[in-house]
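Following this line, the structures themselves.
What follows is a pair of complexes built around chain A, which joins chain B in one and chain C in the other.
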Partner chain A sequence: MGWSIIRVWTVAVYLFMFLPVAVVVLLSFNDNQFGSFPITGFSFRWFIELWQNDAILRAFKTSIVLGALTALISTILGVLASLALVRYKIPGRNLISTLLIAPILVPEVVLAVALLLFLNFLSFHKSFLLLLLGHVIFTLPFVVLVVQARLVSIRRDYEEAAMSLGANPVQAFFQITLPLLAPAVFAGMLFAFTISFDDITGTLFWKPGGIETVPTQIFSMLRNSISPEINALGSIMIILTVGLPLIGVGIARRIAMKQH
Partner chain B sequence: MARETREARQPWLLLAPALTTIFFLLVVPVLFVVVYSFWLRTANGSDQPGFYMTNWAEVVTDPFYRDILFNTLKIAAVTTFLCALLGYPTAYFIARSRGNKAMLLMLLMLPFWISYIIRTMSWINILGVSGALNSLLLSLGVIETPLQLLYNEATVVLGLVHFLLPFMVLNIYVSVEGIDETLEDAACSLGSTRWQSFLEVTLPLSLPGLAAGGLLCFVLAAGTYITPLVLGGPTDAMFANLVFEAIITQLDWPLGSALSLVLVAVLGALVFIYNRFFGMAQLMKGLS
Partner chain C sequence: MSSVSLRNIVKRFADFTAVHPMFLDIPEGSFVTLLGPSGCGKTTTLRMIAGLLDPTEGEISIGEQLVNNIPMHKRNLGIVFQNYALFPHKTIHDNVAFGLKYRNVSDAEVKRRVEDVLELVQLPDVGSRYPNQLSGGQQQRIALARAIVIKPDVLLLDEPLSALDANLRENMRIELKRIQEKTGITTVFVTHDQSEALAMSDKLVVMSEGRIEQVGAPKDVYDNPESSFVADFLGTSNIIDVNCESADKSGVCVDAKHLGSVCLPREKARNASAGLAAKLVIRAEKLYLVAADTPSDLRSSVEGVVETVDYQGQAVRYFVRVGDLQLQALNMIDNQPFNEGDTVSLRFRPQDCVALKGEG
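== the complex of A and B ==
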């Protein structure tokens, strides 16, 4: 008896989580001229209008470039730091770990204010670069957590075997450790990209006037009124952000399978 | 000897880029905010360095800030409570289900990948004047004119619960998953009812996960300013909105600094208390 109540409860919670999102996708294909209820027919008109909206296309480009650069930089920083933490005995390990995940512990608003004020003090004003530095800072902990978790499970013996056969540590890293670590590096990169692509809290503080990312563009469109184009944009983002990780998992699995 | 010193230097070379970045882009800036909060904003728009108590006096004495702080904490507390209420049975179900556990877990991860701003604004489609609920009620003839359901404190809480629920479920799940199922059976065989064995065995053992989820929900809810801007009315500002207003709209950076430090102090105290009781490791378990 109790179990069936819990089951119904769970179904209700999942509906609560996904129904509003499903309605976004549903409305984005609605033919109704206001893009709201009632549903009058199936149409791609909002996607066509979206395609013709220069502001949104520019925002998309900005977000993708920003996300890609963020992912690249924080993955490099994160992988190097994780190697040090997992592969070496270093004094003050706990303090260093805490420092590396500190950007998650500080409220993002405060992080945003701090970075803005400090870099402005160094006459470094709101710019794309500030946006990039900010995104690197708050995606770094996630890369470190993902890569570290995987690195712990890769046995050190493999590297030592390679080195005893004459490889130097750099060769051992690139030919042994990195291929084994590839799925985690890839996952960390994807994670960083998605977090950057989705961020609005910090971005609104750091972005210079005239530059919009997809979330800030949606936000400013919401302030006028909810237009059906937002639903179309939302649909594309849902398909993109849900599809990308699924593809990522697939690729990671294939890489992992090749190794065995 | 030379080789050994090189060995000892290696980890620091690997750590240097990340630690330098964090030090100069997080540690120093946060300390700089402390300094900045004692500066003074002058009429011509430039900020006067010095040691003025003006901002702190304003933040501490003005009842406006105090009221919004308390209201923010209240909203965060209600949000956390609702997440726990909705999330616990769900997490329990996932942890104890046999067949479709993998699918339920994958579905649970999906919201993390769906844009926060899209999930927040999706409620406008549901509760707006021409949204799903009003259309349904109108077509059923229950109401004659659309109801104004949006833009109040309740919809802010709704948006926050919707955003934070996956964090809560995931943390509780990790905890319940680690509890040996036979413990409950053992309690039952010793004469307790299912409900008793849950209350006295499973619930206490899953407390670390519940607390980790609760901390995450509370801190993230109390630090948000986007949800009140999208789903709240003009009087539903939360504390982070004050920071945003001061920094971006009024350009009063010294005041904004003081306000952000209040937020750090309040939420930091909470993290500190949590750390005393459960330790940070539990929090990391749910994050990765």
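== the complex of A and C ==
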């Protein structure tokens, strides 16, 4: 008796979470011109219209560029920070580590306002660069966490062996440490990209006028009307933000398996 | 190939001194072993030679060159790590060829040298495999191949055999010695296993608590320990407190409780002086049990009762009570071992004993 209630409850929770997503995907293929039930036929017309909507394409391009740059910068900074924290006995290591992770713990709104106020104080204006900076700060902890965890498990004697054979520290890093770290670097990069790609809170605060990312574009479109294009856009977002990490995890596993 | 010399080397970690002032010469082409219990500073010493640790004080030279300020990747050393440290993402061939990349060697030469060294370690056909596809013993050989293919000036090995099981360990020991003799590379070997150390070394360095206790050829160190630490650590010894009765150029006589007066040749009692306390060292395998009614011979003799018999196949270890002393004897089994409770006669030759300065 008790168990069946829990079971029903669990199913209800999952329905509550995933039904809206399923509905969006379903409606994105609906021929009906109001983007709502009933379903009148299967069609790709909303995807085609999406493709022809300049504002959305622009937002899409902005999001991709922003996501890619965020991923690149976060990954480089994250790997360097992890190396410093794990491989070198720098003073105040724990404090630095905490500071790097903190953005995960602070509510995003607080972080967004704080960064904005800080840059106002320095009399910087909102710009794409500020937006990028915000995203880097926000995604860095994920990269650091993933890379650090892996780095701790890579024994020092691999690097020492490489150096004893004549590689200088930089060569040892690129020849040995980085390849062994690759799965984590890759995973961190994908994390950073996806988080940046579907972030809205911080982006709303930081973005300069005239620049829209996909989430802010959807947001502003929703204020006017609920266009069926949004369903199609939603479907694409779902594929990107769910599919990319899954592919990433698969590749990382493949690499890791070859090494062990 | 080069000699190595440590001059007044000290290593401190914060306020803990891991290596006290140490002087050591490692002759060109020799096989030198650092032997001592865990934590005595062997690895620390080896890592200073390698350049993985900076000595707090003192000078390290390799060949004629002072290397204190030379980073490890420019020292041209071969290092074999305890866990092999083969690069898991590279094939065996690429592992072995790794050091050659940094040495201006042509592709053809790389190919030839990798083939030769894989031949030398008797694993010619594994080049295309990955380290995780090899057994522990094979990985060990590859680690050695990778270290010697670069023709290092010095080969450093930190407990390289300790991860292998007993049988394999003895084979690898012989193999390692064969390869060292064939290549003639100056080798520094670290171990806490005395049988490895005795079997392989040209020169044995016994260490304890960050200090060198004794240096010498294995047989010398074994036969003439200079401290009770060395006597106790190498093999099994009975160490008995005695009084030194007389000492002159020809010999030294000590008075041992229950054993009576034992007179040793002078070279077996270098530090003993008349009238002072001393320690008499009798090796367990130099103490022979014979039946109580055996007629006396040229050997010293004392009567005792067998307390414990530890049967070991070809040999047997006895614990024998003599008054308030318990003596250990390690004897080959002739026909029938003695039993617990038997009264026996213990025989030993004074020249097999060593007398040490007391309280040393």
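For this structure, a couple of remarks:
Rule of thumb we're sticking to: the second predicted complex is superposed on the first by the 244 of 260 C-alpha atoms of A that agree within 3 Å, B and C clash if a C-alpha of one lies under 4 Å from a C-alpha of the other, contacts with A are read in each partner's own complex, and residues count from 1 in each chain.
Definition applied: contacts are C-beta pairs under 8 Å (C-beta built on N, C-alpha and C of every residue); 3 or more make two chains touch, one makes a residue touch a chain.
This is a predicted model, so every value here is computed, not measured.
Using the contact criterion defined above for the overlaid structures, shared-chain residue A:D157 touches chain C, although it does not reach chain B.
By the touch criterion stated above, A:N168 is placed in contact with chain C alone, chain B being left untouched.
When the two structures are aligned on the shared chain, A:F205 is found in touch with chain B, with no touch to chain C. With both complexes superposed, B is the one of chain B and chain C in contact with more chain A residues. Of the two partner chains placed by superposition, A:A55 touches none, neither chain B nor chain C. Once chain A of one complex is fitted onto chain A of the other, the partner contacts of A:P179 are limited to chain C, with no touch recorded for chain B.
Under the contact criterion defined above, the residues of chain A that touch both chain B in one complex and chain C in the other are 169. The residues of chain A lying in touch with chain B in their complex are 2, 5-7, 9-10, 13-14, 16-21, 23-24, 27, 34, 36-38, 76-78, 80-81, 83-85, 87-88, 90, 96, 98-111, 113-119, 121, 133-134, 136-137, 140, 142, 144-146, 148-149, 169, 194, 197-198, 200-201, 204-205, 214-215, 218-219, 222, 226, 230-231, 234, 237-238, 241-242, 244-245.
Against chain A, in their complex, chain B makes its touches with residues 10-12, 14-15, 17-19, 21-23, 25-30, 32-33, 36, 86-87, 89-90, 92-94, 104, 107, 110-111, 113-119, 121-126, 128, 130-132, 135, 139, 162, 165-166, 169, 194-195, 219, 222-226, 229-230, 240, 243-244, 247-248, 253, 256-257, 260-261, 263-264, 267, 271, 280, 284, 287-288.
Those residues of chain A whose C-beta lies close enough to touch chain C in the complex are 155, 157-158, 160-169, 171-172, 175-176, 179-180, 258-260. Of all residues in chain C, only 50, 52, 71-79, 81, 83, 85-89, 98-99, 101-103, 130, 132, 146-147, 150 touch chain A in the complex they form.
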